[in-house]
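Notes to accompany the following structure.
Chain naming follows the written order as A, B, C, D, E, F, G, H, I, J, K and L, and within any one chain the residues start at number 1.
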Amino acid sequence: MTNKVHKKIELVGSSDKGIEDALQSAVSFAGQTLRNLDWFEVVQVRGSIENGKISNYQVTFQVGFRMEGSS
Amino acid sequence: MTNKVHKKIELVGSSDKGIEDALQSAVSFAGQTLRNLDWFEVVQVRGSIENGKISNYQVTFQVGFRMEGSS
Amino acid sequence: MTNKVHKKIELVGSSDKGIEDALQSAVSFAGQTLRNLDWFEVVQVRGSIENGKISNYQVTFQVGFRMEGSS
Amino acid sequence: MTNKVHKKIELVGSSDKGIEDALQSAVSFAGQTLRNLDWFEVVQVRGSIENGKISNYQVTFQVGFRMEGSS
Amino acid sequence: MTNKVHKKIELVGSSDKGIEDALQSAVSFAGQTLRNLDWFEVVQVRGSIENGKISNYQVTFQVGFRMEGSS
Amino acid sequence: MTNKVHKKIELVGSSDKGIEDALQSAVSFAGQTLRNLDWFEVVQVRGSIENGKISNYQVTFQVGFRMEGSS
Amino acid sequence: MTNKVHKKIELVGSSDKGIEDALQSAVSFAGQTLRNLDWFEVVQVRGSIENGKISNYQVTFQVGFRMEGSS
Amino acid sequence: MTNKVHKKIELVGSSDKGIEDALQSAVSFAGQTLRNLDWFEVVQVRGSIENGKISNYQVTFQVGFRMEGSS
Amino acid sequence: MTNKVHKKIELVGSSDKGIEDALQSAVSFAGQTLRNLDWFEVVQVRGSIENGKISNYQVTFQVGFRMEGSS
Amino acid sequence: MTNKVHKKIELVGSSDKGIEDALQSAVSFAGQTLRNLDWFEVVQVRGSIENGKISNYQVTFQVGFRMEGSS
Amino acid sequence: MTNKVHKKIELVGSSDKGIEDALQSAVSFAGQTLRNLDWFEVVQVRGSIENGKISNYQVTFQVGFRMEGSS
Amino acid sequence: MTNKVHKKIELVGSSDKGIEDALQSAVSFAGQTLRNLDWFEVVQVRGSIENGKISNYQVTFQVGFRMEGSS
């Protein structure tokens, strides 16, 4: 992996289903415009409550991807 | 949201099913006595192991709710 | 201060004016129901943005107060 | 421990004797009004100095207790 | 807020007036090119000193905004 | 629990199904060689992305177990 | 800035006016005895409450200054 | 100390007497099987409460020891 | 530096030579597309091991640069 | 406490007796040269092990004192 | 990497040459008894000073390796 | 090391060569006025960039030294 350069950006995915779904849907969305997505790291899990129920999960995470043009 | 005051309390929900179920069951329990529950933030995920299996998940989280009487 | 017991609770004050105003308004509100408020510690400063302007500040902080009945 | 809900509150105990005494006296005080106290976690140890001597220890800690009504 | 995706970027605003002004001026600048700015979170407050006076405040903060195209 | 000694080790479980499955499979694996596994604490959740999809979850966690021979 | 050596010390400024005033007054005081003050970094904001009002702000911060004699 | 290699492991000692006793008893236990124990670092202090009294202290700490065979 | 706005992005540089080389090569790469690079801050140092040798260093760091158009 | 300026310095006290003794002996030593010592905050507890026993405790802590000349 | 289990251990390498050498020599030493070493993460860099010179670097880091028998 | 008292101060060394050189040059400088320098701990590594190249490294670290007069 010598001399490759990766960039990490921070996203917040949301879902009313759960933590993995919030992650997956945001990763899929990011994959539409960013190539070479490589890994993610969860930063925070929070969410909204409505009428005493969790109405959605909001998962903050970093996504790493190789920058185009780095060997 | 000007001049509203929210309070955050820290709860530990538990479940033998998983992380989301531990969160949801504790949020539901808290909602029986607290109105205006608004959001949650996960602080820690831990759990118990029995006979080499995870027997329950214990999710520590903060719940924020608007204090009655704040505009 | 020997053998006094203090309790700390976590509040979120908000204001469209600034950080000190968010703190002060939430401290005043808390002082209506809690006696012996003694000190505060800021945990986080965040806020909302509307139309490219900060519309309010939300300051999370802990308030310490002496518990009634502790010497 | 399935589906029990615990609450954590943050206290500051003080003592001129030492860290354990500050913890124990605050736990005893809390136990007068809260049932089901279960565990504690130390957050910070600080204290006051008078005339070049430690005059008291102030131990900030969280106490967890099972909420009444959770199974 | 189901299935929306937000992105967080980190900015450093500066001002010789104070913390809120450093935040507001950087939020305004960011709003010229980014739509849907939604919230901010302060990461660090620092600044420069000249001739024994604070010459400017530098406030590092994260800004969250909804990504175009996420529902 | 007086005078028992526990040891904590740090493991990384992985799974293409989700966070709980990554935890459970690593706990089961550890239970084949370690007796007295007692609890776990999640340290980090990260994972790999392939073709714009999360291909596996990697959950770093600590496992505590009572050391043989401690009373 | 090659081979300069800076030292950082930690101060607590206080003010009944606000956070910036607490910083500025402590920086001014430090500047009476220390030359070459260069930058500051806020560590913590806390304060005292009297009669339900914030009576003063106490801002802990680090100050960096170039050590005399380093090139 | 050139080119020595040390390993750190994480233990949890417990005692109904206090923090130092929990540390010492776990260090003694570890010393039965590990040679060259060199230093410890406290990670967390927590404990159990029974009938409104602290029934035992649980001190999590790291122990460092020189690995056999490193010069 | 009044009213300038800086942005910080997070990169991961890699090198089989060492930490400084991983930093420098990623800074050089970033400088091909970003003007006004001003400073960096190391977040994490990790790396890969092959056949018992460190095969490359991966240094995560933030880079700050002045945004075009801010005075 | 308006406009007083405090300084915090970091000390490491050591003792073969325990944590409180390490704190107290270092506070006493500091009090020989520094007036106005006001409070302390524990940063870290570590120590040395010899022959499977804790031979001394090393307690890192910050001490705050009012600077002479501040009102 | 599905269902592989990795273990992380914490080592302290030392060297009078520099940080990379301290890492490399400890990794080499660990590789003599542990197979499948995969990655490392630096936790802390510290060292000893003798006669006003750095006499050795002590680098604390975690090493991850795949556990034998996990697929 | 019983009843010795150490003090820790925080310095920032800089160098255009690398991290170790920034540390060593600041340690040497400090050793001109402080006796008994004993150890250092790195707090942060950052630096300046000019024309797309790292122009200098700035390493913040703590230095510990035994206070004269403590046994």
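The rule we apply is simple: a contact is a pair of C-beta atoms (placed from the backbone, for glycine too) under 8 Å apart; a residue touches a chain by one contact, two chains touch by 3 or more.
From a predicted model like this one, the values you see are computed outputs, not experimental measurements.
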- Set of chains adjacent to chain A and to chain D: B
- Task: Count the smallest number of chain-to-chain hops linking chain G with chain I, moving only between touching chains.
- Result: 2
- Message: Can you work out the rotation angle that lays chain A over chain F using Cα coordinates, in steps of 5 degrees?
- Response: 120
- Task: Compare the contact pairs of E-I with each of A-F, B-C or A-B and report the one sharing over half of them by residue number.
- Result: B-C
- Per the centroid of Cα atoms for each chain, what is the distance between chain B and chain L, given in Å? 44
- Note on the structure: Between the Cα centroids of chain D and chain H the separation in whole angstrom comes to 23
- Could you give the separation in Å between the centres of chain G and chain L, each centre being the mean of its C-alpha atoms? 21
- Where does chain G touch two or more other chains at once, residue-wise? 9, 19, 30, 32, 48
- Based on which chains are in contact, what kind of graph results: line, ring, star, complete or other? other
- All pairs of touching chains, please: list them by chain label. A-B, A-E, A-F, A-I, B-C, B-D, B-F, C-D, C-E, C-G, D-H, D-J, E-G, E-I, F-H, F-K, G-J, G-L, H-J, H-K, I-K, I-L, J-L, K-L
- Note on the structure: chain I residues touching chain A in their complex are 9-16, 25-26, 29-30, 32, 48, 56, 58, 60
- Per the touch rule above, chain L residues touching chain I in the complex are 18-19, 44-49, 51-54, 57
- Query: If you look only at chain F, which of its residues touch chain B in the complex?
  - Reply: 19-20, 23-24, 27-28, 30-32, 37-42, 63
- Query: Given the complex with chain A, which residues does chain E contribute to the contact?
  - Reply: 1-9, 62, 64, 67, 69-70
